[in-house]
Amino acid sequence: MLQMSWLIPLFPLLSFILLVVFRKSSNENTAWIGVLLTGASFVLSFGAWLAVWQGDGIKVEGTWFQLGERAITMGYEVNPLNALMLVIVSLVSLLVHLYSKGYMHGDERFSVFFAYLGLFSFAMLGLVLSPNLLQLYMFWELVGLGSFLLIGFYYFKPEAKAAAKKAFVMTRIGDVGLFIGMVLLFWQVGSFEYDEIFSAIKNGELSQSMLTLTAICIFVGAIGKSGQLPLHTWLPDAMEGPTPVSALIHAATMVAAGVYLVAAMYPLFQASETALTVVAVVGGVTAIFAASIGLMQKDIKRVLAYSTVSQLGYMMLALGASGYVAGIFHLTTHAFFKALLFLAAGSVIHAVHTQNIEEMGGLWKKLNITGPLFLIGALAISGIPLLSGFFSKDEILMSTYADGKYGLFWIAVIAAFMTAFYMFRLFFLVFTGKPRGSQKGVHESPSVMTLPMIVLGVLAVVAGYLNTPWFGTFLTDYLSQGPVELLHADHHGPVWIPFVATAVALLGIGLAYMIYQKGSVSRDWLTRTFPGLSHVIYNKWFVDEGYDRTVVKGTTGLSWLGVWFDKYVIEGLVAGVVSGVQALSRLGSEMQNGQVQSYGTFAIFGLVLLLLIAALSGGYFS
Amino acid sequence: MSTWLLSILIFSPMLGVLVLAFVPSHDEKSIKWLGILGTLFPLGTALITLSAFDMSSDKLQLAETYRWISYEVFQSKGEVSYPIFYEVGVNGLSMVLILLTAVVSVLAAVASFSIKKNWKSYFILFFLLEMGMLGVFAAQNLFLFFIFFEITLIPMFFLIGRWGYVEREKAAYSFLIYNGVGSAILLIAFVSMFMKTGTMNFEKLTETFSLPQEELNAVFITDGYMMGMLIALLIAFAVKLPVVPLHSWMVSVHVQAPPAIVMIHSGILLKIGAYGLITFGAGMFPEEFRSLAFVIGLFGVINLLYGAFLALTQTDVKRVLAYSSVSHMGIVLIGLAALNEAGITGAVFQVVSHGLISALLFFLVGALYERAGTSELNDLGGLAKRMPILAGVLLAGGLASLGLPGMSGFISEFMAFLGLFEKMPILAAVGTLGLILTAVYVLRAVLAITFGTEKEQHETYTDLTSAERVPAFVLLAAIMFIGIYPAWLSDMLRPALDVILLGLGG
Amino acid sequence: MDLDTLLSYKWGVMAPEFIILGVATLLSVLDLFMKKEASRKPLAWLAGAGIIAALVSVFLQLDQEVTSILYDTYRLDFFSKAFKILLLLGTLLVIVLASSYKKEEIDENRGEFYYLLLAALLGAMMMASSADMITLFVGLELLSLSSYIMAGLERRNKRSNEAAFKYVVSGGIATAITLFGMSYVFGLTGETNLFLIVQNMQDEELLKHGFLLVFAFFITFVGLTFKIAAAPLHMWAPDVYEGAPVPVTAFLSVVSKTAGFVILIRFIIITFISAPAAPNIDGEVMLLQVQPYVMALAAVTMVIGNVTALRQRNIKRMFAYSSIAQAGYLLVPFVSNSSLLFELIWFYLLAYLFMNIGAFTIIQLLTTQAGSNDISVFRGLFKRSPWLALPMTLFLLSLAGIPVTAGFVGKFGIFMGALGLEPAHYWLAAVMMLTTLISYVYYFNVIAVMFFRDDEGRKISVPGGMATVLAFCAASTLILGVMPGLALDFFYGNFDINEFFMRIEEVGTHTH
Amino acid sequence: MSSVPLTAYLMLALILFCIGLFGALTKRNAVIVLISIELMLNAVNINLVAFAKYSLNPGLTGQVFSLFTITVAAAEAAVGLAILIALYRNRQTVNVDEMDTMKR
């Protein structure tokens, strides 16, 4: 099975090529091409995962091109970490393909959408399979391309255009960090191979400062891709894309690639305490920051988007706090419950044709499958015991505490409270209460859409049992076959942590219930109490505006400066030379005044001048 | 056959001139097709040359040498003869560029269908231009190189001045004078080297200049002289490349020349500058080149950033692409400044890659201009609806231009930066800012054209015709081929570049 | 000197001059006896035949040893042969132009035209073959006086008159300056024979008069540059070129200029080659000492010619400035003292002959048919008469020094001269290159007018003779551009540069 | 007879030359301009003859030279006057200032 794993990304690629060829086909059965081929990928991935579970692994490489003495290689590798990722990616991709069959029904570029999904899946699976940094980087960018194309799928919408561009550019900023880190590592180690990099680190071939520098550079790449502070602003805007895209790319897979990157390069990070701290701090701050914005958003998808940013922050925090397993674990569970939430949100939007939660309400009955599934997702993300989110989040808190990062621990706890609050704010506003907008013709989505949600719903519940203190730490055992030395493999933090986590989650749910369901606390209580703060939060901490006023304005200003320089200085110099020559020319023809005697005078004058200069400078009379 | 192969290749476009001379100028249809056929013949010959080319050898291949001119000079040591030969030959580098020339010429000939008048003289000039370009890359001595270099100027002057847009004559003069400055400096440097060494042959010159300094001093070749020559060459080719601040001619040519000619200009002519820098600069004066590496790298980064910053706010897509060319040529300099395998390979890759990419983009802009009558970004938008293929290929071209992996642009940028990071990491890190800016301006321009709401007047526009799809797809395929399988190119280049690197000691 | 001595000279070596002299005399007599209204075409044929005969006889002399008769007042050496070929070839082509020059004003003097041309040619040839100041001067004046008259040949044309008058006055002043300088050369050495002058230059006594020698050099040099139209005695050229009939302009710009270089090289190089430097400047010969100044003159000439040409709308005036600039270029090898001097100047003048006469052929065709000298006569020429536009383009490219034309090879050679010796004259080469760039603007302006402007003008009819000249010049310009070896190998194969300095002692003569 | 030094002759010639030059460059009457040029040529003759007699290397050729100069000067004057007459016929003036139809 493992020998065939190179086929995993190629199936979606084939799907992309076929669908581009058939892009004009109005027959929506083209979707099945995508579904079947992604399904094939999933089967292979699952097979690979099973093989790895049994302690197998594979790494195949060949020379891509020769750079002097060094061969730059390409190939594929299956190890515990990426086998898990393969399953997650191909599974979510398969489910989203299926879901989209219903969601995108009737769109005039139906086949193109599936083609793009295929392209993205290809890139994402390729990223995961990469055995070296260069190949990872290449797919890293291609994943960005897929994301870009899908965000801009509704190309005629100006918002989509802007969002697509923003996503590409913001992630590119991060990518450049990754690029620098990668290239620096290459000149230190002489290879892009993970294995060689890790063994070089182990042998102490790199100085501490170089380790920190490269690790942080690579982490910058992860920041960009995973929407961490300060490069998070593209992710909420990316919600302009069709909802299945948000589920696949901007919740479950691509944005998790940053976390995956840090995990894949974990030995590098482990070697530098500073880098780990940076990761943890960025993750923790992002977690609470994004959660705070999520509190006040009105767009259902944006709330989920900020929630994603926040949860990704959690994962980073885990990794930064040496909670390698915890990070991966949360990545896995988050992929399922967040994809579920997005698909459910998509189902809601599909039904009511709006994304504004103020215009929803009371949909529980009408959407009798979507509703409960959404609730499962919401409970899972809030960290209610027995659901997947509880176990993974618990693990994160535990490792943060065990790592001695108490400040970040409390931040994470507060973020968990906020998470529970805004998720249930969402739930109550959408599904309970009275309809606030017109809900004519609202009906449950077709089974092709609900089926994937149900699958994800199940996974959102059971995925947590991969790694529990109670039933066994399968994931930990599994991951410890990989190249990463697990430091806090079984950290048993204080027993009170799960209780605290559960308590804040319930508190959050309770508060949401009080405000949005029962109305016992006024909805504008927060706004009234802290008008300044809530204004800032409502406007997303003015980060976008801040960037606009500094970076964007600055760049544009520099550009105008350059245009000015080009036009007036450079071309001015040229014009100066030209007019100088012209002036000389005019002088020449002025002298040519038609008077033969003045010609003679000039000649004699010239001769005398010549003689004079010769006499004075020649040294004849000295 | 094979002894004459290269000469046949160089002069193969003349066959087209001969045939066209006998076609009446009103028979437009035959002229158009003969125009394309006339470029296919050089392409065929180039492919035969490629098959005769031994990729593993680092020797000059298919060389031809004939005595041409000889000057007899009386000096104190007796009569010395200064012979000039007709010497042509190819190494991996020139082979690649010849191939690029042949391919881009065919596609530009196809793109020339949008030319409106005087087909016959257009194609005759076009063939002369192609001959000049092939000759530049095949020449093995300075004299021949210079002659072909200048031969490219004259047809270009006419092609811009007669078939260009509104301000065509100004652009033609600007082209002529700037390039004239470059070739003026070049000629002085070439003649000076000739008079000092008595030879114009590349290999012999390289040998001479690598002699021990005591021997060189005897023939008045001092350190300062060599440095002066290198600087002269750098300036001359900086005009061609172009390097900021000598770039303004190139922008006006990009904007004013007919698209098919810009394909040639941006695709190949600019590359003569890079070719010259590599062959003469790094090849003949390695030590001096090494000591100037930082300056070259600095200019590379300035070019990269300057071009990118200016491209950000241009409102005409042609100007965006023009400044993008400035920016991308900076990468060539960056690669060269690195003086290592990665950097120089990256520079050459960038030469080829940018040749293909800019040919593609200008082809598309030409097709767009023909339909819309404008290339102002504000007047365009939403074209993805009526012209999905054009929009798609334009987007693909734009992505290639911003260095998306899987496309040739990535490989070249990657290698150039990889190279520079070894030698000057800080400069390189500053340069990577350009990668971000490139993404910004490329997407800005491409999305402004293809995305957004469609304007009313666009409703009549048609997508690329099947004749137009050929160049677009061929170029795109070539770009992706190099992006996915760079070894094909790097293997061909390596022997030639290794020779240069050996000289550089890197 | 007795009759025996006189008869002992190998008069045969003067065959070319005798042929020209004979034909010129014959033409003047025939012209007198011909009816006034009779066509003068036969005279042109005769003149042409005479020149061809002279050309043949020069070629027959190619193997001839260096010969000197009449105490070096007549010398046959490589130099005289090489440059006589240019002079004869140039005049031959001008004769064709002259015979096709259709203008009423000139018809009554057409006979004079031909034999004055021959007389001027004779003067030029004498200069090429002389090594004595007196004969050099007489040759120069023969050329000048004939040229003055030719410039005014359109008697009823005010411009032609004015041109002639300006030419006479400028020429007179220049002659006086030259002679003044020559008188000092004579005074310092006591000889008029160039080789004897050189001998006497070695005199220790002379060193005391270092400045006087330099003074004499500059005055003579500047006076002689009148013929080649170099600064500062260049200002006559635009006016005279404009006013004179086109064939005469062609003659002045080509043959007369060649003759100017002939006398310049002959006189300056032989006379001053070993002149001592001024006493307090050691280790140098005078020619090196004055080099910077002459270079400056060359540079000024290039700048003035090219820069002023930019503003010209009159095509003949533009070519006048262009010809000033070309004189500047030609001074570069002259002043750089390279041993390539002879072949470089010779080749450039050969190339210049073809490109300039070719260009003037077309100018003559266009200006006479349009009755205007304005540059607009070229409008849309490519559409109207592509077979005129293409050769004109070739000539202009050649004048601008673009490769694959003879002009480029010529310029390349000039650079070799300028950069060949230590120290290399980079700045002079740079000035030359920069001014060449400026020249692109006006040369290409003509091209742009021909190709980029449209005009509904008539097709131009080309007489057979002109077409032949045109084809010949165009082919030669191209062939010399592609295979300059043809000319250079001819030069190296037949000429030995050492002959130039070879003094032939005549037995038992010349005693004081 | 050698009481008059060579320098005196040379000075005389130089002064004569300058007078001629001044006349040629400033006089409005074209005839006088031509005559002034003759004056310059005659200055040269004085030089030549003086040098022939008194220079470091006296030689007869100087006098021969001056004979040629005189002849040539005569011819030049003749041609000059002929051209002037043609000009006068067309323009009815001998004023040099007015002869500037061609310029710039």
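Letters are used for the chains, namely A, B, C and D, taken in the order the chains are written, and counting of residues starts over at 1 for each.
Going forward, a residue touches a chain if its C-beta (ideal position, glycine included) is under 8 Å from a C-beta of that chain, and two chains touch if they have at least 3 such contacts.
Because the structure is predicted, anything quoted here is derived from the model rather than measured.
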| item | value |
| --- | --- |
| Which of A-B and A-C has more C-beta pairs touching across its chains | A-B |
| Chain nearest the overall Cα centroid | B |
| Chain A and chain B: spacing of chain centres that average the CA atoms, whole Å | 37 |
| Centroid distance [mean C-alpha coordinates] between chain D and chain B, Å | 64 |
| Chain A and chain C, separation of their C-alpha mean positions in angstrom | 79 |
| Rounded Å distance, chain C centre to chain D centre (Cα mean) | 25 |
| Sites on chain A at which at least two other chains make contact | 589, 592, 594, 596-597, 600, 604 |
| Residue numbers of chain C (touch at least two other chains) | 165-166, 169, 173, 238-239, 311 |
| Chain pairs in mutual contact under the definition given at the outset | A-B, A-C, A-D, B-C, C-D |
| Footprint of chain D on chain C - complex, ascending | 133-134, 137-138, 141, 144-145, 148-149, 152, 155-159, 161-166, 168-169, 171-173, 175-176, 179-180, 182-184, 186-193, 200, 203, 205-206, 238-239, 242-243, 311, 317, 512 |
| Touching residues (chain side chain C, partner chain A) in the complex | 165-166, 169-170, 173-174, 177, 210-211, 214-215, 218-219, 222, 231-233, 235-236, 238-239, 278, 280-281, 289-290, 293, 297, 303-304, 307-308, 310-312, 438 |
| Chain C residues within the chain B interface of the complex | 338-340, 343, 382, 397, 402-404, 408-409, 412-413, 415-416, 419-420, 422, 424, 426, 429-430, 433-434, 436-437, 440-441, 444, 448, 451-452, 483-485, 488-489, 492, 497 |
| Chain B to chain C touching residues, read off their complex | 67-75, 82, 121, 143, 146-148, 150-151, 153-154, 157-158, 161-162, 169, 172-173, 176-177, 180-181, 184-185, 187-188, 191-192, 194-195, 220 |
| Chain A-facing residues of chain D, complex | 21, 24-26, 33, 96-97, 99-104 |
